[in-house]
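Take a look at the structures listed below.
What follows is subunit A paired twice: with subunit B in the first complex and subunit C in the second.
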Partner chain A sequence: MELFGLSIPLYGWQTVLGSAISGVFLGSIYALVALGLTLIYGVLHIINFAHGALLMLAMYGVYFLWRYFGIDPYLAMLVIVPAGFFFGYGLQRYVIGWASHGKDEIILLVTLGIAIVIENGALFFFTATERSVRVPYDLDGIDLGVTYAVYPELAALAGSLLITGGLWLFMTRTDTGKAIRAVARERQGARLVGINVDHIFAVTFGIGVACVAAAASLLVPTYPVHPQIGSLFVLIAFTVVVLGGMGSFVGALIGGLLIGVTEQLGRLYLGESLGLITVSLIFILVLLFRPNGLFGQKTGQGSS
Partner chain B sequence: MFEIENLHAGYGQMQVLHGVDLHIGAGEIVALLGSNGAGKSTLNNAVSGILRPREGRILFEGKDISGLRSEVIVEMGIIQVPEGRRIFPNLSVRDNLELGSYRRGRARREENLERATETFPRLRERLDQLAGTLSGGEQQMLAIARAMMGEPRLLILDEPSLGLSPLLVEEMFALIQRLNAQGLSIFLVEQNVMQSLEIAHRAYVLENGCIVLSGVAADLLDDPELKKSYLGL
Partner chain C sequence: MSKIKTNRSRRDFIKMAGAAATAVAAGIGGFPYVARAAGNIKIGIVHPVTGWAQYSGSQARFGAVTALKEINAGGGIKSMGGARLEAVLGDAQSKPEIGAAVVEKFNEAGVSSIVGAYASNICLATTQAAAKYGIPHVVDVGVSDKIVSRGLENTFRFGPGFGAITKAGVENFLNINKAAGSPVKTVAIVNEETTGFGAGIAKIMTRGLKPAGIEVVEVLSHPTPNKDFRNIVLRLKEIDPDVVIPSHYYNEGVLFLRTLQRQKVQPKAIYSVLGGASSQYRFLAEFPDAAQYVMDCNHWFDPRNPEALALKKKTEEAGLYFNYEVFLAYTAMMFTADAIERAASADRGKIIEAMAASNWAGSIMPYGPTRMVNGQNTGARPLVTQVLGKEILVIAPETYAQAKAVFPRPA
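The block that comes next holds the complex of A and B.
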């Protein structure tokens, strides 16, 4: 079939479905990266430019744990997720918060600066060489009929769903989770019930980085690590956040899966490199027709 | 139990309070009256730890609390119901109430929630509703109920009657008297001079950051100066 001068191949439904399923697996990782981004945006009202760099750093962490201590990438989650939380907590409380004096435009620059430092630090210390983890089971999997799902893909989907669900429970059932949501909309009111807003900001940032660390564990078995890997994922995560709606959890999950499927189908029909254009296309369409995203709240309602 | 001595406070270049002195005894309702811009909210923010005073002392049970962080002040039992309510619109009424005991009174959260919803039956019907969907009067009730969840020892009410219908204002002042009758010390910051003086034991009048008049509420009601400047009589 010809479309705009491009020849679009016609595939059977099995191929298309198989491609969509692998998109779901990929999308679940996007969702996890976007989850951290949307949480930080929703509460601190800042766009964390360091998100991709932190993902890359966490992937190196997982890689080195495997390389030097023989720790399985999935098991590494037990180390890397708490480490990510504390690193994020400290970064917000003692670097970003301290350097920005609470001014949003400065925060933006501070996170951008952190990203540049981390990325170039990685380039300097780890070099640009791609490094891959070999796990014995990376090609084993389950035959789904239309496609063959390897265990790392299944783990990515299960891990993302579990983490999103767990985080949702945390945000709706615990005092700290409720305090995070309270601070997101009403900082002054939060202070007056005795919530330490700086602490809550840091906890939120910590959780955002912990999400990225979990995503790193799920990614490393299938993706090689290099200093620029973060920007690839975070660019798509931004699209997911805009599609799902800034600050929305469900939006991040659904948005991530939609983008993953779109990207894989794009690759199937338009080829490996041109396929990614579909993601950008969705981004533009959302901005044109539904600027608040699928699950986003109208902006300008917050009083803080 | 509570005392402010020579309090100076302001924002940036602007000095708002120029040496305020006042005190509140245990079990009292003390009203702070003044028009817009007199410095009432600045005073409240300094007391609640939102704004650091420039000079002077704020004593709570003999301890200087000026400049302490807001969560420490809440922990001591000084709880403010701010102007404009400042409830959490994106949380349910129940979550708002529960967060009222985030720092203080957590151990008796269930009992206090029960008591709060007894005092405010309207909130009981709306426990699972988002607080942002409540009417203005209901939001004011929620703000007070949320403060009560923290088991206050001194309750600061900043313009609780603002934006309420005359009937609701009546109800609000009756409620303040009821809470006081249970032994709670109340600092009532209001523009509504007449009704505040009717329920308060003592009152202060703040003008341009200075206390210009103070005394027993009943006496102030008859004060010719106050009548002239606030009631136009």
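The block that comes next holds the complex of A and C.
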């Protein structure tokens, strides 16, 4: 088949379906990384360039817990998620907030600086060597006929659904969640009704980092850890956030899955290198026709 | 007393901080780090020790630096009164343009020769930049044949290039297939296309395999780095070729072989040509099941050479894996030192002459005497290895074979 001068090969339906299913698994990983980002990016309007570096740091945390204490990567969540929260809280309250004086353009540079420090620190202390976690259930899974779904992939998919649901419940049902939304919508007003805005900022950032830590636990059984691993996911995670709508968790989940499937099918039909343009194509189309994203709110939200 | 003590500790601190800062700059910023005082013969060592090729680049750096240390420990360059070699390290950051910039800095630092730069696309850039200043450049790994076909007089490659390796790969494969009763009818190629080391693999393979009645049914190319191989494996499942021939770098090699294993796709054999992970001790240590029976036509040391085994031990004691990055960079440095010894001079032009005329036969590789034609050592050849149990053993050619090929692989 010919299309725009490119020859599009015809594949068996098993291959196409298998590719789409693998796209769902890949997409769930994008969604996992994007969830923390959408919270920080969408709610606080902080473009967190350090997101990928924090993901990498959390992955190292999971790896070392497995390597030196024999803790299963999934169980490591019990340690790494609270650690991520407190690290993120401290980072926002005592580094980003302190250095940026509340100006968004400075925040951008501060997070970029943090990313550089973390990545080069990791390179210096952990070296460039890739490290893989080996779990006994690594190759076990369910035969879907057209493709094989291994447990680490299924866990990542389940994890992305659970974290999306959990975040949604947290934001709508708890006082802290309501306070976060209030701060996002009207910073000054929130302060007037007695919300500690600095604290809420730091809590939100902490939750965002905790999400990334959870994602790290779910990624480690599949992806080897190295100092550059964050950049593999974080650029696409930004696309996912814009596609889904800033601050929308359901949007991040759907956006992630959509991008994952698009990318896999694009790579199948256009070749592994050229296929990646489909992601950028979707990004441009969304910006053109739905600038607020699939699930974003129409009116501009935010502080002053 | 206490005052002196304070002074000392402060001085120590400054010294340490300075050393750490320099190390950080050398390792991360890509600034050449001059290891010893001036007056020695400076050798630029450029590798990608950050970015996608960081692991392999660091391994290669270890190989080159180890050779340099051994030369100095053995009395330096004897024809120059025991002159020492001095390493000037540079980081190409896995980008050709950065590699070229490192060479500019090497030139300013006054290096006599350069060893590097792992990946083919980086080597193309560094050799060209070095040619501007007439600096001899020995390519350690980069196998693209473009590297030695541009008429650059400063560029030498001691190891075999892609064309020679693929040709040897086809010949050995046909022999192995024939010995097993010729069970192979179809092969599929999986190759990387970013750095271009394997450009033209399909053509060479088809030309070599067709007369034996073997058809190349599919060529699946992918970028480097590539984070997912499921599409490629799904395609292989659909086509179901007898043999899969992968040709790519380490990380992709690991991911590809693991994806095959996860998706339970098992061809009669995986016979890689420059397989990246296929003949790597590290891969074998981490994923012994995925590595079993994988064959690889690649750079390999002479398994009977005691010096090679000594280097293997040294590498393992340093906590690293003995792979082609290490022994190729090691050999490139040894070749450089031998040429300087022959030239009896640190002059760039004289070293180039000595390299071009070299007939060095003392390497740990299965090469025989060196003979440079347009900068390519025509004595160089690859070996075919197979992962058998906990070992990577040479299975072809006959002269170097340590074991018989297990082919087709047991189900």
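In this section, the second predicted complex is superposed on the first by the 293 of 304 C-alpha atoms of A that agree within 3 Å, B and C clash if a C-alpha of one lies under 4 Å from a C-alpha of the other, contacts with A are read in each partner's own complex, and residues count from 1 in each chain.
The definition used in the following text is that contacts are C-beta pairs under 8 Å (C-beta built on N, C-alpha and C of every residue); 3 or more make two chains touch, one makes a residue touch a chain.
Here the structure is a predicted model, which is why all the values come from computation and not from measurement.
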item	value
Which superposed partner A:150 touches (first subunit B, second subunit C, both, neither)	second
First (subunit B), second (subunit C), both or neither touched by A:113	neither
Superposition-derived comparison: subunit B or subunit C, residues of subunit A touched	C
Which superposed partner A:228 touches (first subunit B, second subunit C, both, neither)	second
Touching partner for A:181 - first (subunit B), second (subunit C), both, neither	first
Subunit B versus subunit C as contact partner of A:90, first or second or both or neither	neither
Contacts of A:273 with subunit B and subunit C, given as first, second, both or neither	second
Interfacial residue positions of subunit C with respect to subunit A in the complex	24, 27-28, 49-52, 54-55, 57-58, 193-194, 220-223, 225-228, 230-232, 234-235, 237-238, 251, 254, 261-264, 286-287, 289
Touch list for subunit B against partner subunit A, complex	48-50, 69-71, 74-75, 79-80, 82, 84-91, 95, 98-100, 102-104, 106, 146, 150
Residues of subunit A touching subunit C in the complex	11-12, 14-15, 18-19, 22, 26, 120, 123-124, 127-130, 132, 134, 139, 141, 146-148, 150, 223-224, 226-228, 232, 264, 267-268, 271-273, 276
Of subunit A, residues touching subunit B in the complex	175, 178-179, 181-182, 184-186, 188-196, 301, 303
